[in-house]
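A, B, C and D are the chain letters, set down in written order, and residue numbers restart from 1 in every chain.
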């Protein structure tokens, strides 16, 4: 099996409505993400980890899934993905501010540890790559029940060095499970570049070891991401097994609010990535194609700002968990 | 990087002396292995695990290494390999009979858990695939000291499903370590066939995910194995990085003396493998080429029998460990 | 009531639950056509097919991690780890994931999964087929840990574990598999998790133990009874949660305590039992708490004299009981 | 003597040993140019280069497994695990391999390796950047487990660990990194493994603790001293092997015992300390042994009210001491 590099010119064959929806999702995620950094810098949120630079890939992928039916085992950068699936800025700001009403964890986990039962978004912990196995298991269960739900999982390129990545993809391949594993390759695992994580040019080459299709996609292009995912999902629903998709993305921020990227990333590299910012790029494409008229982009952004303002207010007014709740939900039969 | 299938006609370009040495090593291992089963059936050895069907691959590989200089992290089927490197039938029978003088472990480990300091044969435990990382570490240490020693490790095809296999090969590839990893593919992991371990036709395909050469070799042919290994070793010594070699071998016995292979292996498959017995096959080749004259094979076997007889006697007369020695060697500063 | 070996009881427990609940599946290495290396799953593949009895690749983290995902998506997986020794590659999935999923999701998700694994020595299994590694899991909130000692408990506890809403580690003493037989009730009984069982009543010395050691302790107690000392033998059965009330009650009643386990003692289940006694029975004790366990070495060696020196037996336990009786 | 923070002392310990012994290397995630996420290895890459300060792939089993192989082949590796929470994927390499290599090879091979990892809560790290998982390793013969509480010990114990012939797990309380400063002797001193340190002498209550909790216990003891109660605060420092003699001596002297740790209590280090006291101090005790530790939940939650409720502090310890004093 060879690694595939499907060619799609951005926005080629999708209707304007869908393209606009994509754009709105990307901006909404970006605006929310930026707000979280503001709250961090203001000292109101001790920790932020960002999806900036990953929005195009995530939005494209998420729009190819069936929310609430398919099973999702995401990772900490998947803010945009979860928003497309149906989580709200309010949900995420409740988590950021560690409120009792945080639907992910009731304020128990760090922000960006997604989990939301109504949408089959499987709760994630911090150890990287473990979720690949959970997604494989969820896919297995759907198959046992004869459903055609697929399981989606994602992780960073660095995390593919973990044993669980190997064991999960291998298991899914052997059992030809309906699993789609997306590697969001932003070139770095905190400070460690891909060249120190793997000796192949592309992460998608890892698929070859499992006898499954590996697909490389321009993750700065939501349409290309959407197409790649649509195809992988269709294959999986038809019972034709798993796919590994590598989305080439950019990390536009340091690893997290605790990181300083200056020792390991040149300022030129940072500037280059910023120049390729997927939100700006997609805006330009849509403007060129006339999907966005002058002023539309500003209006989209303003709408998102209003939504995020409201969400922030609600989250800030929402109570923290009570100390006594510390002891709840260790076991189900308590 | 593509998977390679080097062609070698058995015995092509090696001189008669070397071929004869190979044959002797194969017979010696086979005779010893058979004796261990006899001792098991007589109730004198509670556990045997066998190299029968793997001898050609192991002898060929071992002869391409530098004993006592290179680092060896073998697995439980590597009886023939360890014999070529310099361990003796006596050493192994001391282990089989759990004697104090067992140089592997002083009778502490099950038989076939090799380990011998003077030959850099790194002590192995039972969990499969862990040794791949030890070999990578040993290779790293040689490199740090500027030596050109290589590290050899081996495991079964089923064990390549473990996370440690992935982490070890990936590490070696990234750091371009002088590691040679040999997968002895006998088609089964106890009862589980390769089709349930991996979705690729060949195990060597796993190398593609690590950007290292994968080589498939007829492991029933010691000469082909020798050539493949010689080349991998040369590359490694030159600092050109690791190689994964898949040796296609046969498991001529059940998994171990505790296993019954009838529920999962047809009698026809067993008979077919026996018909391809690598020791017999190599004997025929050498007879055809005139390297073995009539009667030579019998003489080789008789010599080996005498050596094993003597070794057995010595081992049987060797004392068991004393109960008090139970407490020794937990820490080095005791 | 039928007579069953310990392993037959386990096999029947799985079979009965699989018949009763289509969500129950079995996965592990060699559990399919071979029926497991100990034959615990023998016949299940034939009865329930490939879809519900799954031979996995040789990868323990996958076995547990896939079981977690399947449990989250509505199944009730029973994951078999071939030997407890080989559970270690799956420790991250067990401790970081299974144990924390309910808590970290604020009750949004749960992992109703059983991980079965044979443990224990005395079978010439050497360092890696003899260990008793349960202690490390007993430290972890979110897990339950069960060790049956009789066929009746094996079946009843296993059924309760399969129906439990949370991850249960079910450790079976491999030496008990064919050595221990006993009556098993007919019908659909379960034995509740979290409860110790007094196997023998007495008022002189309380003996706390579990697994194979329960049988050795019973024999030793029998021997002391002939000399008029009445030992109360408490089979803990559930190592997490521990049955604190039962421990305290027997310790207070007897005033002398012997803790017996096969595993080595440092930071172990019997450390906790002794600590509970030290906390809650101060005014009732007539002697120092005594513990008996495996020696401070990294595993059970292969060679018979070493294995024998390592393993506890009735004689060693009896000697400790007599010493304590004489205090 | 110079004043150093806890993390500076650790950094200097590594640097000095690397200068002294070319066999010492450092490997782990982000330990190179970045100098580690806590900056523990800051400057080492610049001084010693890529060959001796190695950024590994994101794979903990590899970090430890490669370190084992390198140690066997003559190096003295220091493996950094980014957070103790992420040591779990490496548990098989630590327990099945590192801990057993000397024993299983009958002294043929050994693993002189240090695994460093930050642990502990109180830093808004939530479930997976706050755990105290040392107990599970303290159960395992063949390992050594060390937790320093002061800069002086951090440097001296680390140097001893690097020179030790066997695998040492070196757990650093991340809250101490910048919070705790103190004098560090000049020159090439080491602090021996296996020895507890009496941080404060007293004869009324013996307090056993380690890590960050040592500082809280000292403050609580200070407070009690003002009311005339003299607590003896014993910093265990070495959790495997435990300094049994020191524990017994202080417990016997005081007759009352409080065991304090951040980790949850079940089957933990303080279970063992309490068990030791129950075994060896029976005739000296004036009160039940008391233990204070983390609650029975799977981790330290993120939200401030929950984290505060989870963590021990001086007030909670003081309350327990006063209760015990009044017994």
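One rule holds for everything that comes next: contacts are C-beta pairs under 8 Å (C-beta built on N, C-alpha and C of every residue); 3 or more make two chains touch, one makes a residue touch a chain.
Note that the structure is predicted; figures quoted are calculated from it, not measured.
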item	value
Contact-richer chain pair [A-D vs B-D]	B-D
Chain whose Cα centroid lies at the greatest distance from that of subunit C	A
Euclidean distance of C-alpha centroids - subunit A vs subunit D, Å	37
Inter-chain centre distance, subunit C versus subunit D - centres from mean C-alpha coordinates, in Å	30
Gap in Å, rounded to a whole number, between the CA centres of subunit D and subunit B	41
Subunit A-subunit B separation of Cα centroids, rounded to whole Å	45
Subunit B, residues touching no fewer than two other chains	105-106, 108-109, 113, 125-127, 161-164, 167, 170, 174, 196-198, 330
Subunit C, residues touching no fewer than two other chains	56-57, 59, 61-62, 85, 88-89, 92, 96, 100, 103-104, 127-128, 141-142, 296-298
Residue numbers on subunit C that touch subunit A, as the complex places them	25, 51-52, 54, 56-57, 59, 61-62, 64-75, 77, 89, 92-93, 96-97, 100-110, 141-142, 144, 164-166
Sites on subunit C touched by subunit D in the complex	61, 85, 88-89, 91-92, 95-96, 99-100, 103-104, 127-128, 133, 135-136, 138-142, 240, 242, 263-272, 274-275, 277-283, 285, 287-291, 296-299
Touch list for subunit A against partner subunit B, complex	161-167, 170, 173-174, 176, 195-201, 205-212, 241
Interface residues, subunit B side, partner subunit D - complex	71, 73, 102-106, 108-109, 113, 115-117, 120, 122-123, 125-127, 130, 132-145, 151, 163-164, 167-168, 170-171, 174-175, 328-333
Touch list for subunit B against partner subunit C, complex	46-47, 98-100, 105-110, 113, 125-128, 158-159, 161-164, 189-192, 196-198, 258-259, 263-264, 320-327, 330
